[in-house]
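Chains: A, B and C, in written order; residue numbering restarts at 1 for each.
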Amino acid sequence: MPSMDAISRGLVLDSLREYAKRRLPYDVIRELDHANEFPAEILKEMYDPAVLGVHLLMIPEEYGGVSGGTYDICRVCEALARIDLGIATGVFATFLGTDPVNVGGTQEQKNKWLNRIARENLLVAYAATEADAGSDLINLRTRAEHVVKNGKIAGYRITGNKQWISNGGVAHLYTVLAMAPGGPSWFIVERDMEGFSPNKHEDKHGIRLSNTAALALDNVYVPAENLIGLEEGKGLMQAQAVFGYTRLMVAAFGLGAGWEALEQAIRYSQQRIQAGGPLSDKQGYTHKLIVPHAARLEAARAYIEYTANRLDGGGHGLQTEGAIAKYSATENGNKAAEDAIQALGGYGYTRDFPVEKIKRDIKITCIYEGTSEIMEMTIYRGRWQEHLKSRGRYHLDMADGMDRLHTDTHDCGAYAAGLALRALAAVMEECRVQKLTRHQHVTFKLGRLIALAETAACFARASAPGRYPDSVRFDAAIYKALSRVYAREAALTLAVEGLALVLGASDNSSGLDAAVNLPAVQEAQKGLIADMDLAAAGLKTTFKAK
Amino acid sequence: MIEVSKKCIGCGKCVPVCPFAAVQMVDRLAVINEACTLCGACVQVCPVKAITINREEASARRDLSSYKGVWVYVELMDVPGGHGKKVRPVTLELLSAGRRLADELGQELCAVLIAEKNHGWEKELGEYGADKVYLSEHPEFFEYNTDIFSTAVIGIINRHKPSVMLYPASIQGRDLAPRVAASIYVGLTADCTALAIRDGLLVQSRPAFGGNIMADILSPTSRPQMATVRPNVMKIDEPRPGRTAIVVREEIKIDKGLRRVKVLERKLAHDKAGTRIDEARVIVSGGRGLKTKEKFRLLEDLSALLGGVVGASRAAVDMGLKDKTHQVGQSGTTVSPKLYLACGISGAVQHIVGMKASDIIVAVNKDPNAPIFNVAGHGVVGDVHEILPKLIDSLKKKGK
Amino acid sequence: MNIVVCVKQVPDSTEVKINPETGHLIRAGVPSIINPYDHAALENALKLKKAYGGRVTVISMGPPQARSVVQLGLALGADEGVLLSDMAFAGSDTWSTSYALAKGIAKIGKTDAIFCGMQAIDGDTAQTGPGIAQQLGIPQVTFCEHVDIEGKNFIARRHIDGGHEIVEARPPVLFTVLVPREFRPRWPSFPEIHGSSKKPYHVWTAEDIGAEKHYLGLKGSPTQVSRIYPPPQRDKAEMFTGSPHEAAEHILAIMRKGQFIGD
């Protein structure tokens, strides 16, 4: 999809923020969270093209939308998550629900449905998940049976139950995955079709402003023209095709909510005086609860934006990249939110401050659109193939790239990121030689290590001169310091845990300790505290106490 | 230089508007004589844009050393109840500041008085430091009008060439000064809070970015060096009774056609006691902490007992606790009473710039870390809702 | 009715701090916004357009990224946008800025009214509007709370020291507008923003508007900033904590000492 120009994107983000400032102050959100209430009026306003028209972002211009690109959508998702992850999820559900039409619909179907969604401000839901079918959609139980009239397939009768469907109880339109005689297929189901009924709104740990409900389909008749793509059996492919960027949206949620929590902590730390000075001046506080999270979230941001730009540039699939982005951003966001509670101490544990709610909300990002463990597996699977295909060169080539970058820009973290990538390549090669991937634990752990090393490399590239992204709110010196902090962490984790992983699975590491180059990794830790000091001071001036 | 091009159609509109009778019609073409002060009044009325002033030459012509004297624009105000006009107190502040600058430079301090009729004001202006008063009287000066007053001021400046000219940073001064500066291509610094002379140049200090930073500004290449000065910032020196200023009359012709904006109606809001907030001796001010309109009335009771005026922070005004005429701060009024009592005001920067010049500042706030305590001389940590009634009671008892 | 609105992109002033060592402004992380007074001016102009028809052009001067505030005006309903952008403008003070904007407005064509914010929150000078009016030789009405049209004339309610007045002005005239009480600025929707990127938009250089370079930039500006520094800090207050009664007595003592009340 074409991307918006930077100015228009900036205005879109401004309008969204201003809307939230005006209509969704924290006490309103807090009240809705407590009442477990879906803010129907707010969503209606947000869809109103005279107020925001947020759903138009992912509908192409020719169907009445505004043709937002992946990068644009990610930025909006980040901003939505900063407001409230429940509301964000409500908007995202429409994006997601519209996706099967966008990806697999015929020209005629796109004309009809995308135009209707755009014009009538329809809330859409994406109904794939079932009690026994989450990421493993192959166990799908919902059935779609032919209804034949005059020797032709006139329609389908769908029967089955869907679970945990966002917007489930409030949507106007549903894209439902069902097993047709020709295989899994997507169908467009309208709310008022006979036999269709949503269940009650779930009582959830977080994102309580998002409506989540189970759906019951009892012999629901759907005309044949509602089969997306007019061809059976394409459902899983259509679902897979969008993961690259739907997971990127959830990644942006983790990034936005995580940063919101962290920002609250940074601002708070300047007001709370302890032992004669503000917490923001104490390393015991900043270097544990603030700076590492800022570094990890910015690494995730760099990776999200890198992947989004590749998708906007015509890149296809990018499922491994989508998984790395989601895994890094949501896991790091979740941990940042947890430490934000710690950072606010007793206040953080009360509902008077938003961090408590953010912590509850953000957990879902590690679960929906594929759990973190599914991400670890996906990342491992994707890169393991690359490792084999390239005869172990995949990450070594990436490391060479880091060394070249380091020659030009010695202070962007490229050196340590290169060490991390070389350690990764050595560990993966050792796993291959010793056939250690027969242990599922090894494969999932490799997924985690791959994500860490590759995000470090991506962060180093983003912080090189001339590449400074417009989404970053602090200046280049601080950004680079954060990249160095993160690259050191990546190198150390890769070397120590990679070696330990191999040793734990076999008693022979055959010189792997030399290959992960622990002495160099340790040498690279020099200057860590100075960088953290720099970052802590920079974060303080950027996010001043209000 | 001023030039009349061939585009002149001989309509004659420029002749009556010239304040200095410098335009004549010769053979149905406008001709400009040496009485011209380059004020530009004719340029503005010419329907075919035939008259141009080449400022480049005008500025190259300037010999900066020939510009001498510190001038102060005299702002007049209506006396409440329709009792004529008086000199606005801010003018006296400017005279005190201007006096120091003039002494430093070893030059005269002059007041520029544009009035329908002078009421012996040169005595008051003289007592407060003016050596000379440039006085221009005309019926058309009955009320302030941008076009008419700027034309007059530009004319007098061009004739007598001052080195420094100060205006109050009031609505009138801020309307007039930029108009004059634009016309004669000179530097103008807005809202100064301090003035000094360094190496013969006027150093103009002013807050910027909502008071978060200060800047020193110079106008080294043009004269006069012009500044508007915040009311209630400069202290008024003791007057010297009997000291008087020489009056220099400036003849200026004003054409009615110059009055392009007409005032249809004017309303002045005065406090019940009749004192304006920027001239109050005591101000009792409230902020967000007062919470309701009823609670805000406590401030009015207290202020009445002290003979003061009620002020409000922007937050209180936005909450509708008090109307905007009482707002103290950057976007409201700058005040400098002898006593400023801040009740339930946290002390946003924009409020502080408007009241920090007060002599004695007493702040009451629940939060011991409220920024208001950074500017207050006396801080009281406590709940205004509990303290105010006690204060009022004690004062009432004393009154009996 | 042709209206031109002048807008400026400013840093969100309340967050600007100064580095005490270098004396430079710390601008990192400070978002750029439309000057709120200009936002109010824009909405007043667009209201007139909605009620009486006509054409609204938004003009700004600044670096390329200042397009953002021009496009905001287009998204809110203006018809055409102009950005004066040229290295020659860099460092212009209010005199040079007024000169350039006046030249730009003259190039736009016949104009009945110019709307400016009363002042910009980064400088608070309130000089650019009157400067433009003088350069163009048209009258001005400053510090307007609201501007409306009656017949062929404009009627404005303007703030004056201690009150307000209602004035009447014939076109062409320049208004400077303050932020009305409880002003809730409107922000454009996504489709409005999308549409605005397709409206006529021009970037003009100094040469395009026929501005003479010696009037522009640092060199053409009659004022120069010689130093910036943090505002002086006052000494901390003498603090008092006690019961409400004690607090009241404490305040009375201060008032007695200052002779605001009798003994």
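Criterion: a contact is a pair of C-beta atoms (placed from the backbone, for glycine too) under 8 Å apart; a residue touches a chain by one contact, two chains touch by 3 or more.
These figures come from a predicted structure and were not determined experimentally.
Undergrad: If every chain is a node and every touching pair an edge, decide which shape results: line, ring, star, complete or other.
TA: Here the contact pattern is a line, an open path with two ends.
Undergrad: Taking the mean of all protein CA atoms as the centre, name the chain whose own CA mean is closest to it.
TA: Ranked by how close its C-alpha centre lies to the overall one, first comes C.
Undergrad: Measuring centre to centre with CA averages, how many angstrom lie between chain A and chain B?
TA: Centres of chain A and chain B (C-alpha means) sit 57 Å apart.
Undergrad: Report the inter-chain centroid distance for chain A and chain C in whole angstrom, where each centroid is the mean of the CA atoms.
TA: Taking the mean C-alpha position of each chain, the two centres sit 40 Å apart.
Undergrad: What whole-number Å value describes the gap between the mean CA coordinates of chain B and chain C?
TA: Computed from C-alpha means, the inter-chain centre distance equals 19 Å.
Undergrad: By the touch rule stated above, which residues of chain C touch at least two different other chains?
TA: Only 17 qualify.
Undergrad: For chain B, what residues touch not just one other chain but two or more?
TA: Counting only residues that touch two or more other chains, chain B contributes none.
Undergrad: Using the touch definition up top, name the residues of chain A that touch chain C in the complex.
TA: 4-5, 7-8, 10-12, 14-15, 18-19, 22, 48-54, 56-57, 61, 66-67, 473-475, 478, 538, 541-544
Undergrad: Could you list, by residue number, the parts of chain C that touch chain A in their complex?
TA: 15, 17, 26, 28-29, 31, 33, 65, 67-68, 71-72, 75, 184-185, 187-191, 193-194, 196-197
Undergrad: Spell out the residues on chain C that touch chain B in their complex, using ranges where they run on.
TA: 11, 13-14, 16-18, 25, 93-95, 98-99, 121-135, 137-143, 155, 159-170, 173, 179, 181-182, 212, 214-215, 221-234, 236-242, 244-245, 247-252, 254-255, 258, 260-262
Undergrad: Going by the contact rule at the top, pick out the chain B residues touching chain C in the complex.
TA: 40, 43-44, 55-56, 77, 146-147, 150, 170-172, 174-175, 177-179, 181-183, 185-191, 203, 207-222, 260-270, 276, 278, 282, 306, 317-318, 320, 324-325, 330-331, 338-339, 341, 348-350, 356, 359-364, 368, 373-383, 386-387, 390-391, 394-395, 398
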